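Structures given as structure tokens follow.
In what follows, chain A forms one complex with chain B and a second complex with chain C.
== the complex of A and B ==
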């Protein structure tokens, strides 16, 4: 990078940081200085920060500390997400590669995928209760669908000329799949995983809000019942941060695994 | 010319018709020709006369509507690693380095690793890409990509090399350079080559023999044996004479087919 470019990038970063600070300053002004909203409805950023710090070790009022909530949510969402990816990606690849699998599974799948994962919550609660399994199943469903769709599209978009190259060099159909189709679909598969992660994190919070006794979604739902706006805001911020960290991990994996991307 | 050379491939009464929603569309009609061992055969013809289709039929990627293709006396029905193809563009695997792209054909056939690495390096050196072994295709220029394509085709140790306008998408200067390199490579590592192009200079520069195709449906119009010494000069009087002759022949075909096309259109109305 040239010096000028570096300077430009640095200036952009400064602007971004200023904007973020501006947001918090505005929030601070509205709540603490101008007192436009009562504290129970919209707490000041300082109050939220304070709640966040004390919540780290205090179990009141919802029965668990913040790390316990985070752990509960992460466990369920990663469980559901991993199962969704481990089953969804191979299934999508299979459907795209073998026409028979496509014919058998596509109609069922096309119907199931139109039902939003959140609509599964009531039936899951009836069938499986409000434990880890029920929530993980909902997360699984919401992670599974984008994995299948994107892997399917990825394999289907393998360039014909790449298949030809494999064929003229004498690759068998299985070798073609593993050496040509899957590597060329890898960027699509990763897009699928990222979408899955986002939607599984989202449906997890929804599932916890509707039926649960721990987790970040449960915490903010309880915050609403107790009129603890500060607790809700802490929960939302933590949900956002956790989501960002998970996406960053996947981005890192993609960078390491997908080579020579355009 | 090696008219006496051993017979490599034999095409008999080859025809191809594509069926489209707007009716059938005859691309190639009744082609009969031989490909001889170690000759550089150029199939030359105007724009859309089915040259690529013909090449894919030789490769076994495309079936023929009528007629047969034989390779070493065996009927060509599907792709085989003894017939390698160099494609127009974008045929390299973007997720593999140059080295792995070139070694791909041997890897697929599970050739022992030591021989594979040896061959890979040999052909990378041959096409002049030493030092770029670990680059990804996206980091290479158009000409370099086609060099990788040629090395990859060679590395599979094919019996016949089929090249589908490999330099069609390169700028004029690079194209001249690539033609020179290809000739060098071929002189060093003699193979039977079938090369498709719509560029007359390229055809004359490289060919031992040129088969001139007519416009749709592609038929063999004339065959030229080129026995000018190599490397050839683009301004050699003999070169220019042949160039003129073939261009005139092609223009004559074109005006014929144009008027025929017009007639057909009129009849449809």
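== the complex of A and C ==
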């Protein structure tokens, strides 16, 4: 990387940090300085920070410490996300590559994708009970859809000319898939994974409505019940941080695996 | 270029002004669920096949219109739940007793007490009917507890399977002869319950009666309806329930292990009001009048038919189907406090017990507990009782 590019990247990082800082400053001004919202409805960032620090070691009022909540939520969301990716990506590729699979699976997929994950809760209780598997299944349902859609679109977007070149050199259909279609679809697949990761965190609160005794979604629900807006904010911020970290990991993987990715 | 920048700055400032204006509370606004004025709700309900009610309602409204004072009515924004505890508000509105007494009820129905609390925090509520969540209303939003108006302990219970080991023994603690289970059979078991509500209080009382604590069992947060689904599909060992869900359990397969009734735990629903409304001198008379009418409703509800009809109507308004024959025992087991009840029993006992419990389990701090006690004020109730005695007991 040239010196100029490095400087540009550094400037961009500074701008990002400033934007984040600006957001927290605005929040602080609205709550602590201008007092536009009562603390019971929107606690200040300092109060949220204080609650977050306290919750790190204190179980009250929801029965678990913050690390316990984070671990419980990570387990559910990552399990759901991983299953979503492992099943969704190959399914999308298969549907895009083999027309018969597309004809068979697409109508079912189009039907299922429109159903919100929360609507599955009663069915999941009956089929899978109220344990981690049931919760991870709710997350899975919201995570696997972007994986399928993006993988499907990625494969369908493979340039015909690349396929023709492969065919000219005598590549079999399977070889074309693995050497031409999948590599060219990787940026789409990674975008799908990132969207899927966001969806999996998004559906966490819904998943933890399904009988929980810990988890960030559970903490948020209990915070609502007890009118503890500070707990809700802490839950939201932690979900945001976890999502950002996991997205950064996916970005890093994309950079390493996808040629031409920035 | 400069012109473009100017336009951008002006647009940004305008947007910010709108955002900040939106932050302020305006008294009007949205709520969680149905926001239908009471008269409209009553009109919708009467659209059914209840001709008698229609006539009664029309009569009430006519009387109210005839007796209505010429000065402007005080509007009271009342938040209710689609449950039995809120039917007195509907009945007052339906009968026109509000207009007749110088105030006008504007009823909004919420799905849960937590929704009412959020609306209270946003300044959208004057008076509300609420259960255990009322403690948070007092501790967080500085609401004022006026009085408890309904004994709703019946039906608040935990179910076990009839063939479970807990069902094998009853009356381990001689103080509670009807309670099932022993420390050995209950230890390590899981409970499905809506955490932070009366069900958690009940669980703790049960565990205490057996010499156990929350650390000896697993408490899983779940509302009563999903808990029912989970329990009948084989999950967990205990499931919290209350009316109307309680009647879904097959009595041959499931038993009530313990309840508010057999643990001698008082559980009442409450009437609270916002601090702002309470301190507004111009609205004090209307508040007293509303409480007086609530006592009058309790008197009217001594007639089982009136009570049942109003309950069925309230469910109908809120889109809940019910079979009057099936719900009759549920409704009649949860009486409203009449003048005599309010002058003889300690109706604050339940609210105080819930507040104490919240403090013990850490849902509220000791400071908050003090605040709750400070916010319990019986002045309005006393005035309402006096007015009721003068107006209706001659």
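The criterion applied here is as follows: the second predicted complex is superposed on the first by the 213 of 262 C-alpha atoms of A that agree within 3 Å, B and C clash if a C-alpha of one lies under 4 Å from a C-alpha of the other, contacts with A are read in each partner's own complex, and residues count from 1 in each chain.
Throughout what follows, a contact is a pair of C-beta atoms (placed from the backbone, for glycine too) under 8 Å apart; a residue touches a chain by one contact, two chains touch by 3 or more.
Not measured: the values here are computed from a predicted model.
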For this session: State whether A:218 touches chain B only (first), chain C only (second), both chains, or neither.
Result: second
For this session: Mind working out whether A:54 is in touch with chain B, chain C, both or neither, as first, second, both or neither?
Result: neither
For this session: For A:244, decide between first (touching chain B), second (touching chain C), both and neither.
Result: neither
For this session: Going by the touch definition up top, name the partner, chain B or chain C, that contacts more of chain A.
Result: C
Exercise. Is A:157 in contact with chain B, with chain C, with both, or with neither (first, second, both, neither)?
Worked result: neither
Exercise. Taking the superposition as given, does A:130 touch the first partner, chain B, the second, chain C, both, or neither?
Worked result: second
For this session: Enumerate the contact residues on chain C facing chain A in the complex.
Result: 20, 23-24, 114, 117-118, 121-122, 133, 136-137, 139-141, 192, 195-197, 214, 218-222, 226-227, 229-230, 233-236, 361-364
Seminar exercise, completed: As the complex stands, chain A meets chain C at residues 30, 36-38, 40-41, 59-63, 121-122, 125-126, 129-130, 209-213, 218, 221-222, 224-228
Exercise. For chain A, which residues are in contact with chain B within the complex?
Worked result: 159, 161-162, 164-171, 175, 179-180, 183-184, 186, 258-262
For this session: Would you pull the chain B residues touching chain A in the complex into a rising list?
Result: 59-61, 78-81, 83-85, 87, 90-91, 93-97, 104-105, 107-109, 136-139, 152, 156
